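Single-structure report; data block below.
Order as written gives the chain letters A, B, C, D and E; numbering starts at 1 within each chain.
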Amino acid sequence: MVEPVYIVASGLGIAFLLGLINKAGKNPAGGVMLLALAFMTLVSLQWMSSVVFAGNSPHYTFTAGFQPPFSISLMMGEKEAFFTTLVNLIGLLGGIYLWERFHKQGVNTMIVYLLLFVGLNVVVMTRDLFNLFVFLEISSVAITGLVLLQREHKAITAGFKYLVATGIISGILLIGIIFIYQYGGSLYIDDIIAANLTAVKGGMVAIFLVLIAIALELKPFPANGWALDLYQGAHPGVAALVSGAFASAMVFVLYKLLPIAGGQWQTMFATLGALTFVGSNLLGIKQNQSQRLLGYSSVGQIGLLVMVVGLAQFLGDRLTLIAYGLLISHYLAKAGLFWLAGVLDQDQIRNWAQLRKKPHLLALFGTFIFALVGFPPFPSFFAKWELIMQLSAGSGYVWVGLILLGSLLEAVYLFRWLGYALKLDHQQLPAINIQWHKIIPIVLAGVGLFVLGYLATPIASGTAGINFIPLAFIILIYFLDVLPARVKNIVVIAAMAYYGYLIMPGLEDVRFIFSVIFIIGGILTLLAGFAYKGRRKGFYPAALLMYAGLGQLLTAETMLQFFFAWELMTIGSYILIIRGKNSIRHGYSYMLFSVGGAYLMLAGFGVAYAGSGMADLAAIANITQLAGWAAVLIAIGFMTKTATLGLHIWLPGAHAEAESDVSPMVSAILLKAGVFGLVLLFIHMGGEAASGHPLFYVLGWLGAITALVANLSAVFQEDAKRLLAYSSIGQLGYILFAFAIMTHVGWLAGFTYTLNHFMYKAILFLIVGGIVLRLRTHYMYEMGGLIKRMPYSFIAVLIGIVALAGMPPLSGFAGKWLFYNAGIEKGWYFQGGVIFFSGIIAFLYLYRLIHSIFLGQLKDRHRRVKEISPWFLIPAYTLIMGIMVFSAKPGWILQPIGQAITQYFPSSPLRWQADGTAIGELGYWNGSQVMVIVMGVFILITLWLILLNRKAKKVEQFNIVYAGERPERPETTHISYNIYAGYNKAIGFLATPWISGLWQWIADGFRDLAVQIRRIYNGNGQTYALHLLTYVVVVYLITIGG
Amino acid sequence: MDLLTRVLFTLLGLFIILNWGLLMTAIMRKLTARVGKRVGIRWYQPWINLVKLYSNRNSISHGVMFQLGPVFRLLGGVGLVMFMPLIYGSELFTNFSFAGDLVIILYIKFFGMLGMALGAGEGGHPYSAIGVSRGLSQVTTVELPFTLAVIALAVQYNTLSITEIVAAQQGGILNWTLFTNPVATAAALLSMLGIFMHSPFDLHKAPNEIPIGPPTEYHSSYLGILRTNAAILHVIEAVLFMNLFFGGATSWPMLIVKTFLIYFISVFVGVVFPRFRIEQSVRWFLQVPLILGIVAIILIL
Amino acid sequence: MLKKIFFLLVLAGFAVMLFNAYGLSGPDQQLNDVAAHYAEKGPQEVGAANLVASVIVTYRGLDTLGEVTILFLAASIIGFFLKARRDNQRAPKQVRKTSEILETAAKVITPVIFLFGIYVFINGHLTPGGGFQGGAIIASGLVLMLLANPVKKINHNIIRVIESISGFSFILLGIFGLLLAGGFLDNAFLPLGDFGTLLSAGAVPLIYIFIGLKVGAELSGIVSNLQETQKEQI
Amino acid sequence: MEHISLSQIAIVAGILLILIGLWAIISQRNIIKMIIGFSLFDTGIHIVMVGVGYVRGKTAPVLDEAVNVKEAARQIVDPLPQALVLTAIVIGLGITALMLAYALRLYQKKKTLDVKKFNDLKW
Amino acid sequence: MILKLIAIVLALAILLMGVIAVENKKLVVAVIAAGVVSLFASVFYLLLAAPDVAMTEAAIGSGLSTIIFFYVLNKIKKDRKDHA
């Protein structure tokens, strides 16, 4: 074992010698410096393996050989080993990254760099208060120097502000230390803890001074303008260190020193942390400068960590997992992002589209962003999960709320940024200059996130575990991205089929029903991918990610597994959606709603965990307190995915602008994930026994109104895919309504609708998508008369809309019939009326859809257009088969479903007669007979007409009674443009997008708030000094007073 | 009863309804003309028209959907007949109502609308879409109060089976829904005005403003089918109202009288009121009839 | 004006805090345990007559190492921050002629000052004074030299070498302490000698010499860098 | 006069000097004045520190003829705060020098010492 | 007793010089005043039985530190002249 003090000795010794070594040249000097850092890293790693993994007891170093408190002692325990490793590792990587800078600026910068890490190591290890002060000063001064690696004016001003701020902070710290010495008679931290100085007022103030100084070093909002300027002004490589190494070390110092207050002020620090977390993330949403934005994010993350430290008493033995998880994610991701900023050298986040010139860098960027927000499989995901669970278990719901609010605000700007990088034009931007010494640390940071996430999983998930095989496969596909799309399509479909083969047999009732939609639907929609040529870079990993998430939802047993799968699915679908041509806004709002919904769900799971003490999904069934809250929160979470009214504004754009084969995936399949969640929730709430819960009444109304408003909005769309998207919202409203009825028949209706919507919406989106791909327009007024050119598409759409409209004999009617029976049985007459009304409104948009695309006059430029790709028709017709079977023999499908749900809803099930007639409490219906009768009448009439008309002459379209005039200017002259103008005049007000307005208002409100608050950061170092003092005084007056 | 008998009796019922529909159309046109101080058509004119149309040999086609449009349209009308019990107490004239209940009646009607809309669209006539859009717009709001009334009925009689609803109204005129549930009846009757699409709710086929409604492109046997359907539809919709609100019919004469009177209501209103613009009619149905429908529901809560 | 009132309010709050921390309590009449230990055991354990020196060099040697490091840092930073560009360095400077007296006096006094500085840090473990004071005095001598002859280039190489070697030696002595005695920076790897004599207190005088040299070199570096700095042209 | 001790005087004066220094830091717009403020702030802290270590009527912690080794504990003032102050003074000098270097560069950039003018980075 | 009186006088002088250092418009005067504060402080340290500190304060606080101030002031002055 190498003495920990050698970390200090080697670092300092080399630093002192560097000046001499430099005589031999800069390369040797730089090499020696890196060697020193590597040595320091090795020593700390060695202690980590000894203390953390081998479980040895902490090691103490007594300098000069005397026991503390007489001399300074260093400690190398579990946490110290961890933090020194963090610090030294980033030092090594950062040193490689800055290699060329050091060369340019000379040996002195290397000295300063090395000394920074010496300082931080001692800060972590020391057990002596004054020693802490000295080495903290070393670190601060070193940072002041490193800022100057960037010889720009902004760096100099930033450095000066930092110097002023740290000058004040260290002064306060020193005053605190000397008074602690006065009262405690020792500088040894353990002595001070034992002395319990808070008993004396002076001692309490002294401790306050020390702790507040440490808190100030952690850049608390709002006294942190200097820190933000530093992040912005410094060289990115240096900012990465400040954010990763310095801040990590300081968090540990706070943790180390907090016991001297003897358990007081934990709440105060948690509050300060929360204020920082929420405040700085709020200000981040208005920021466009990349490094400053990262600064806001850093400050926010550190605020969260301070919160965690302050809330340690809630977290019990999970504290380590939570703190390390959050810290490591922040550390790697933030360092990676700052380093990326250095590679790009783009000031504005808009220009980060430049990353698209190097897709692997873009993937790394995405990794960092997702890791920061706390998506799986990164450590922060598990940490956040545990944090929320433990806080909830301790009834710290206010903290939960603050954490989620802050996280959401953070997601707001991080995903805006990611969206810019993914979508904005990059043609005008310069190529990226790849320097390997800069890329390697970034890659390592990215890989580290994955590896650590994988390693964290067993700790977080316990015995249940998480299946990483699909993720491994996705990574493989990512590296196979150079293959042609068709090859990948085959591989991916085979993988999906195999995955289905693996999991489907093990699923029961409800889960099996959804597995049909997710897996088989997935395979069918993937078939359409054969229509694409080229490579379709990035498509397959994303699609697989979504399907892997969906698949894992099905097999999830614990809440964690469920949430993991849910978030996985969100990532995949986000990337899929944002791939669309004009999807930047829509992908963004999709993500924000998803994140918001997921956080509500997380809070709900937290309440469930707190109320039941269980980690299984069954926890929801066993909540002893606040059960209603858990249900409401989780339900809202799912309802963001099902796009229930109020939470729907993301959907139309997202689904409409997505690629042609993505729309059916996200609309027909992905939305069902929300339905699946609701179904599970309702089951666990007790099924029939819970049907009296007021939540369901509200949900029923919500579903009905969603259906009405969405259908009405669909009527007024000019864009075919947008029309279908609104239609989906409406259909999901029906589904919500049906499940909320919470009776046997109601659930049958819900499942019927779910399956039906899956089938006909997939058909419609596939066909319309295929047409859009052919015609290169979404707008219906630019189409028309395509029946002649695309007869197969027409038939598919016709069957689709007949089914959607619920006309007998097709399967849509089954849903309607069940609806009526269930609704009236339940006594939901008004809701039923609204649902019926929206059902008829559906006719309007369906007619508009089929008429505007296929009927009427063919456009001149479409005279030679070909039928859509068979790869869109094949899945569509497969699904038509499904509809036909369902229509002809509804009992085949409804009876098993009925059996499956009888365990949850035993009363008044549907009775089935031998001839296939279904009998409910009110009515009866025989799908097969209706099918036979209607088809019989249809065939007879058709035959009769053919008989009468056998000599009918085929004529050109314009051979008509009315002298044909062909309006050629699109839009206004097209007959289908604004076709329901009169209807709009009459009741169009119902479809006013006031909900979008409301969300816009909320968004603007936050933005304006950010603009107002950030005015305090006026850029004046003196003002920042004043902020620091005021902050101290205010916190002092609040906590101690007088 | 074997299938063949049932089919034959159903066709017989269909035949009676068709002829009664043609006659009723003639009578109503005659009445309307007299109110307007005109002579009007002869009572057998509809039959002549039909025969003429079906025997017209000059026939053209714009394509499959153009052909299928009238088929769908007629399917709507005939489908209604198929699932509608005509004569209460007569096993022979219950048609195929055992295969589905009131809900199927509500939804099969839409086949007709869809057929008309699609067929007209295929014709390529630029204005047909306007007619269809107006018709559809109006239908949506017409159906709402009617549906509320139907729900009220279903709750009142605790069934969705038409036969059972009729059964419950037997044993005296005061057992009719008209008297047991006047509000629902009023709501339904007001929407009936829109369902029959007579003036003032006939903008979609407005002969004056747009000389070419959806049927313009149809001719010869196509138009014949449309006319056939119109005759059937008028009667069978009246039958529906009769069954739901006016005690049903125990014999064919009673059916004829009741349907005539029900149909007369709408013709009468049409004579009195001028045509509404589309947003006017949409709003109108969302006012008085809708409120009545809501009241009907409130009463059963 | 409003601003100033706000400043005053903040400072008033700060004052309240500081006076609360102090509590205006009377001082202890007794040394606390730590100080008592230094007073009683210091002479045996470290062997330096100047207890402050024993605390600085041995008991809290790590602090001192850090403190030297900070100066070193400051000097390094100022070194590259204010580094004059080479091409500009040769530009003719307009030099104010210093007085003959000052020049002559500097020539005579500077060596004396240097000697005094060395005396101060060599005797640091016996009498008040030590590495820092001595180093500062040496640097003052340098300042005098520069005042007398502003054009004179200070040989940075010499400063650098002294700085590096003395710093490294400090570390080496620390490691000797670790290897040969109780711990890092333990002075007892050399014989403690007779209490109160020059060659006593183990490695303390040695360390103080290196500290003195290093501090002197660092301060000189700072001063000369400030002296030679030029407008930065970026 | 009797109940006031030397250390009280020192500490009160130190605190007041700290406040004067802080006043300069937050109210003086000239950067050099701010740095002077820092130096006063530091000096104030140092005075407080030495004041804390002072014990009434005792001598410096240097053992010589006047102070017996055996009696040391009862005769000298606390050496520790003095050691700390020494360290702090040197650190303070380093930081002051650094600040001055910054001030010089800042001045050369904008030809002003007004701290308000260096607000290029904000929000 | 006399010690205390001297101490109080010194303290007042320190504070007075401090105020001058802060409030005087002329930078040169301010810097000198700050140096004098250090000088008085080092005397104060002697009273407080801290000769080591006193030496350091005198050498560093009032000596070197003031000199560095002057160097910078000088540079700035020269720069201002060059500029003008």
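We take it that a contact is a pair of C-beta atoms (placed from the backbone, for glycine too) under 8 Å apart; a residue touches a chain by one contact, two chains touch by 3 or more.
Everything quoted here is computed from the prediction, not taken from an experiment.
**Q** Shortest hop count from chain C to chain D along touching chains?
**A** Each step joins two touching chains, and the minimum needed here is 1.
**Q** Using the touch definition from the top, list the chains contacting both chain A and chain B.
**A** Where chain A and chain B might share a partner, there is none at all.
**Q** Quickly list, by label, the chains bordering both chain A and chain C.
**A** D
**Q** When contacts are scored as defined above, which chain pair ends up with more C-beta pairs, D-E or A-D?
**A** It is D-E, judged by the count of C-beta pairs in contact.
**Q** Taking each chain's centre as the mean of its C-alpha atoms, which one lies nearest the mean of all protein C-alpha atoms here?
**A** A
**Q** Please tell me the distance, in whole Å, between the geometric centres of chain C and chain E computed from their C-alpha atoms.
**A** Between these chains, centre-to-centre, one finds 19 Å.
**Q** So how far apart, in whole Å, are chain B and chain D when each is placed at the average of its C-alpha atoms?
**A** 99
**Q** Approximately how many whole Å separate the CA-defined centres of chain B and chain E?
**A** Each chain reduced to its C-alpha mean, chain B and chain E end up 106 Å apart.
**Q** What is the distance, in whole Å, between the centres of chain A and chain E, each centre taken as the mean of its C-alpha atoms?
**A** The separation of the two C-alpha centroids amounts to 58 Å.
**Q** So which stretches of chain E touch two or more other chains?
**A** Residues 51-52, 56, 60, 64, 68, 71-72, 75, 79 of chain E touch two or more partner chains.
**Q** Give the residues of chain C that touch two or more other chains, as numbers and ranges in rising order.
**A** Answer for chain C, listing residues that touch two or more other chains: 7, 10-11, 14, 18, 22, 32, 34-35, 38, 50, 52, 59-60, 63, 66-67, 70, 73-74, 77, 81, 128, 130, 132, 219, 222, 226, 229, 231-232.
**Q** So which stretches of chain A touch two or more other chains?
**A** 130, 134, 137, 141, 144-145, 175, 179, 182, 187, 1026, 1029
**Q** Run through the chains and report each pair that touches.
**A** The set of touching chain pairs is A-B, A-C, A-D, C-D, C-E, D-E.
**Q** What residues of chain E sit close enough to touch chain D in their complex?
**A** 1, 3-4, 7-8, 11, 14-15, 18-19, 21-22, 27, 30-31, 34, 37-38, 41, 44-45, 47-53, 56-57, 60-61, 64-65, 68-69, 71-73, 75-76, 79-80, 83
**Q** In the complex formed with chain A, which residues of chain B make contact?
**A** Within the complex, chain B contacts chain A at residues 54, 57, 59-65, 67-68, 70-71, 74-75, 78-79, 82-83, 96, 98-104, 107-108, 110-111, 113-114, 117-118, 121-127, 129-130, 132-134, 136-137, 139-141, 143-144, 147-148, 151-152, 154-155, 158-161, 212, 216-217, 219-222, 224-225, 277-280, 282-283, 286, 293-294, 297, 300-301.
**Q** For chain D, which residues are in contact with chain A within the complex?
**A** Contacts found on chain D: 18, 22, 25-26, 29, 31, 34, 38, 41-42, 45, 48-49, 52, 80-81, 84, 87-88, 91, 94-95, 98-99, 102-103, 105-106, 109, 115-116, 118-123.
**Q** Mind listing the chain C positions that touch chain D in their complex?
**A** Counting only chain C, the residues touching chain D are 4, 7, 10-11, 14-15, 18-19, 22, 24, 26-32, 34-36, 38-40, 42-43, 49-52, 54-56, 59-60, 63-64, 66-67, 70-71, 73-75, 77-78, 81-82, 126-128, 130, 132, 195-196, 215, 219, 222, 225-226, 229, 231-232.
**Q** Could you please specify the touching residues of chain C with respect to chain E in the complex?
**A** 50, 52-53, 120, 128-130, 132-133, 136-137, 139-140, 143, 219, 222-223, 226-227, 229, 231
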